[in-house]
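Submitted below is the structure of interest, expressed as structure tokens.
Chain naming follows the written order as A, B, C and D, and within any one chain the residues start at number 1.
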């Protein structure tokens, strides 16, 4: 009965992803604080925040409807399913064929759709600002992401994420111009999607600048905990996508033994740390853009993705 | 047997029309007529399903009506059966909805007679097997829907919308008539069977394609010819708008497929470039138009234009693959298009029913006057949410499945040798992705501004939940959306006979993969399992809820929303439809619609309110339709002076004609 | 058909065309009426000659009608109408007389070309006769469209009708000729009465707003 | 057909009944009686015409009944009958409001029957000279009836119709003479050279050049009566100023009779191989009238003038169809002639009552008809839908055949045809919207009107759109072959 170990590995991946997400956020905040020559909260601070929020009471706006209270669970479910389908330490997991990369992007679209609705539900102008800006950013980020998926799918011959990771790990991939363009575009999209510095400032609550925070302004208590966890989960998701596609070393092959999985986990944690570090360095070295400069930023990402796909279409070698 | 049954149903619907005229005075007319059409469409739906699922052989019958020496040919094959299912399902839903919605109709006498005629027209178009019957039922469908559009004729805009609609419909029909003239040849073989045998020459085939694109495209709503759609669909009563947007546009797609794939002979390589280019532009323009609207039904109508673009992208790809003999890829693209036809008829009808329910209880179509309806109409809000999620292609629902298949078809296209396609298909893929994202933005706006937030007008504050028939229809369609999203394999297997008949090949049977996953080409390439995804979402959501319920506190306190300390934040401070679309308008609109914002701030100390005026131009209307109308006006003015000549001048006309003809005679021979 | 018959018929038809040209040339109403009387006289002579040549007695009736009705009665009645309506001044022509004459010549040339293509098989008289008849018809029509004055237009119409009678009598053995010429005479009577009845003043289309034109329906 | 010993020749019946009725109606004073007698006379004529269909009498020197004019006689007498019913209620109303005085009504009924007599005579005439006289008589009677209202506009319209008609008829006579001249060397002198049935048998031997010139004159002469574009000037004013029954008869029947005469001569030309094909001339005139009339529809402010121009447009389409030739196009042309006369007369019935109810013919003063007078409103809508060529009514069938058969042979001409049809449809519906929909304008009093004729016509057109009796189809196909 090979099913039980496969189920165990899949369950381990889902738990691992859940546990590591707040750690990654805490690690990034710690690195940024150190770079800004200040002490900064400990790495495990996010866990404490989650526990604190869990215990606090929920203060609900008068106008909030039943949808407002369900949305945190919906968003968390969508993001968690998406994160659990991305190969972190090993490819060929039990349910990896259930959804390919396009479906994962659609899950994130799902989460964004409902978060924007939550922003509008309370009926204050801040929710409106957040939702409308979020949808503008999404209207450029998502097509760019799909263009990146096209490029990778045309190179790897499949849209299944684990197949693509295995192909990227194999020597057959070689150095390609479209891959470089794809990586660059993917990083730009990741920054925009997670609301990192140049597009949106995750730390402040200043109305004029915030996009993601504006939508969740009205959430409190356990709902806010879920949303914070989802946000960090999403960050982890994007870092692990970049890692498994563009740094596939150490990924355990399908059905490999325990030692390979242990090596996979270690490599994954190292990649997360490297990713977090690079993100922190990038954020401290750049200032936030004006909101209406973001479309040019994301437009560039879309053009890069389209160019990469065009090159792939034109001839096999690019 | 099924064909005779379906024709009997169509005849029954036609008989209902005069009956409705007689009985329209009595209050029982509405339930009677809609109930009768409900039953008849149910029977017809059952027959069509039996024929499609049973993959029965095509069956045709000839009636002594129609052209005297030809008779009226009717034929039901896999393609006709599928579109018949779409028509009858939409009609069944609309009739069920109308049982409740129709009671509010102010002038039933103007709606009831034409509704069954409209259904009968659509059914006959799908079954027609010769050019005359096809065009007769096609134009009859347009005529009855025109009558429905002008049923609320007291509103001048409706009459104008009806006029533009009938004009474009006649233009489309005449284009189709020319196409059939080509396919029938000089000696007038109008039967489709005869046309299939006599393959037209390459040039005739190309001309037939262009004319079919104009004719069927104008009815479906391809971009340059779409202008009537957002005017006419909202003007009709809501259940008719749902039928026009959800079903009639699909009959137009059927017309295009029948002519181009079935009658016009083998396609040339550049046909797909034309179709794909048009489809790509239609997709993005449709959704950008929709984003600029604040009238709910116009937004939905414009959005139909976008979905028609997606369908034509699938058809264009199928044409491209068919030219180079890649039958399986063609089958994939064609099935993706057909699945989107089915999906769109489901969720667009659902959304129009929702808009109709809102219109009924608040009397408002303008989103700026609505808001907070989720509190007053919870069930309608829930089912409208499912519709919005489905149309925005969110995973567990059906919109995502057909879009995912279209993406898979695009990913197959690098193998096409033609250079034009190698450059065009990625661009069309980018446009499709862009329009999917914009669709999500559009429906966040539509749902958020209409149902969420605080009521902006007293009318919205006292809205009542709609009646049970309307809810029943909406829940039926919502559950179908979910079903197609979860078990796409079933529906794709049902479509296999259609693509087998039209293209000679069909997608691999979907029963093989585990857990009913959808495998369009090969296991290794890509697969998507709607059921498993849905189960995962429910499981993880449930797990989180149980964990939080047990671990976290469940204390909850209601308090006023945080509004930066303003004493009484009036509903006006909320985001409206125009303000929600402002960022996207600034990004795309300034180019596509020449959108300009002009803010006018009063000098300090002046108490007048600041005023922001946004000007949006419909560039297609200004560039194409306004000049034509102006041209006709100028020509009419100039020729009009001929009415006021004197007798002598008229005699001069006669004299000149005589002299010219004599000169022609002298010179000619 | 001996050559003498042909020559005389040919001469009479030719002189009818000549008189049509003369009518075009006139610019005073009285002169126009006199020329028209002569025009009708020549027609009567030609019809009588045809009657004699084809020894068809009924043509004499047509000749008699042409002589009495068209040559005498109509001009006198029109004469009196002109006096009553007081329009005996100039005839305002739309186009200069020179240009009208040129057009007339062009029309005669056109009718010659059109008619001569008819195969000579049909006896030459019929062909020449038709050519002249066609010229008279076209000149009559030209007269109608180049004159602003109602009476001169009627004269144009009557000369056009004379051309028709010439053609009809030229067609040997054609039945109903008499009936047709009678029908036409009634028609012309209607016209003359029409003018008198409606008191059409100066002209049909006047630069200054005429009686009729003010009431054209569906004003712009 | 012998009936109880008396040899009852239907042709004689078709002619004598209206002639006798005309004389009788001229004498009887009372309006009630004359209106009923008028209806009775037209009914009797219609009966004779129907009997004509079954036993077609042998062609004599003066009369001929074959497939072509068989159907048109029945059509003419039927529309004459229904128009007389409509005119009974219309003229009754005109008398009440004093627009017409009793002596004029007597004159009107007499002229109506004389017109019927003239049209029937033109249809059955075998002698081309007799046909000319008949059409001339029909024109004269309609001129008198157009001027019956004695208003200045009516007189001006009558005078214009009279002058243009006379010039047209003169040209037609010249054409007839030329045909005789062409026939004389082959058939010999006298009556035979004027008898159509003899002419059509021997037409191949005629001199082609003479036939060409003849056809040019006939096309212009009778074309003026058909109302083709450059020669149409009289038609709009005659329709607008005359009483509506006359407009219905003018549009429905007289245009058809003139076009029928033209078809007779086209048969002659088709039989003669050498003759210049008449097709191009008719095609050019047809398209010119179609496009010209379609453009003129836009600025019309008088409802009857609007539908007069629509008649010109449809006559253009029919002439185009016969100009194109070929079995399909000819069949479509014949079908279109029948359908147009039924539909246009039905529209004029509706327009007549609308003008009476609203007290004006200006479109701007009418509005919201479907609310104030639903039956009239929807009747007019059905009429306009039919005349615009939308299915399921008969004109769609004929336009379907003409456009599709033309596109395969002459794509460019078909495009112009389609452009004209679309233009006409756009203008008609633009005006219809103003009249039928929106806020009711103008008086909304109860209309005492006879709806039977209007809906009878539209019912026939509706059935013809979907199903055509095989006998009628056979006749039309036979004639379509003859037309070449």
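Simple rule for what comes next: a contact is a pair of C-beta atoms (placed from the backbone, for glycine too) under 8 Å apart; a residue touches a chain by one contact, two chains touch by 3 or more.
These figures come from a predicted structure and were not determined experimentally.
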Seminar exercise, completed: Comparing B-D with A-B, the busier interface by C-beta pairs is A-B
Problem set entry | Chain at the geometric heart of the assembly (C-alpha centres) | B
For this session: Averaged over CA atoms, how far is the centre of subunit A from the centre of subunit C? Could you give it in whole Å?
Result: 100
For this session: Please report how many Å separate the Cα centroid of subunit A from that of subunit B, as a whole number.
Result: 35
Seminar exercise, completed: Per the C-alpha means, the centres of subunit B and subunit D lie apart by a whole-Å value of 44
Exercise. Roughly how far is subunit B from subunit C, going centre to centre by Cα mean, in whole Å?
Worked result: 69
For this session: For subunit D, jot down the residues that touch at least 2 other chains.
Result: 159, 163, 167, 171, 209, 213, 236, 299
Problem set entry | Junction residues of subunit C, two or more chains touched | 114, 117, 141, 144, 213, 216, 218, 220
For this session: Going through subunit B residue by residue, note those that touch at least 2 other chains and give them in order.
Result: 640, 643, 647, 651, 654, 658, 662, 665, 669
For this session: All pairs of touching chains, please: list them by chain label.
Result: A-B, B-C, B-D, C-D
Problem set entry | Interface residues, subunit A side, partner subunit B - complex | 54-67, 73-74, 76-78, 80-81, 84, 95, 97-100, 102-103, 106-107, 109-110, 112-113, 116-117, 119-129, 131-133, 135-136, 138-143, 146-147, 150, 153-154, 157-160, 163, 207, 217-218, 221-222, 225-226, 291-292, 295, 302, 305-306, 309-310, 312-314
Exercise. Which subunit C residues qualify as touching subunit B in the complex?
Worked result: 94, 107, 110-111, 113-114, 117, 138, 141-142, 144-145, 147-148, 153, 204-205, 213, 216, 218-220
Problem set entry | subunit D residues within the subunit C interface of the complex | 127, 129-130, 132-133, 136, 140, 151-153, 155-157, 159, 162-163, 166-167, 170-171, 173-174, 177-178, 180-182, 184-185, 188-191, 193-194, 207, 209-210, 213, 236-237, 240-241, 299-302, 305
Seminar exercise, completed: Residue set of subunit C touching subunit D in the complex reads 114-115, 117-119, 121-122, 126, 130, 133-134, 137, 141, 144, 157, 160-161, 163-164, 167-168, 170-176, 179-180, 183-184, 187, 190-191, 194, 198, 212-218, 220
Exercise. What residues on subunit B touch subunit D, complex-wise?
Worked result: 64-69, 110, 131-132, 135-137, 139-140, 143, 150, 153-154, 156, 159-160, 162-163, 166-167, 170-171, 174, 177-178, 180-182, 184-186, 188, 190, 632-633, 635-637, 639-640, 642-643, 645, 647, 650-651, 653-654, 656-658, 661-662, 664-665, 668-669
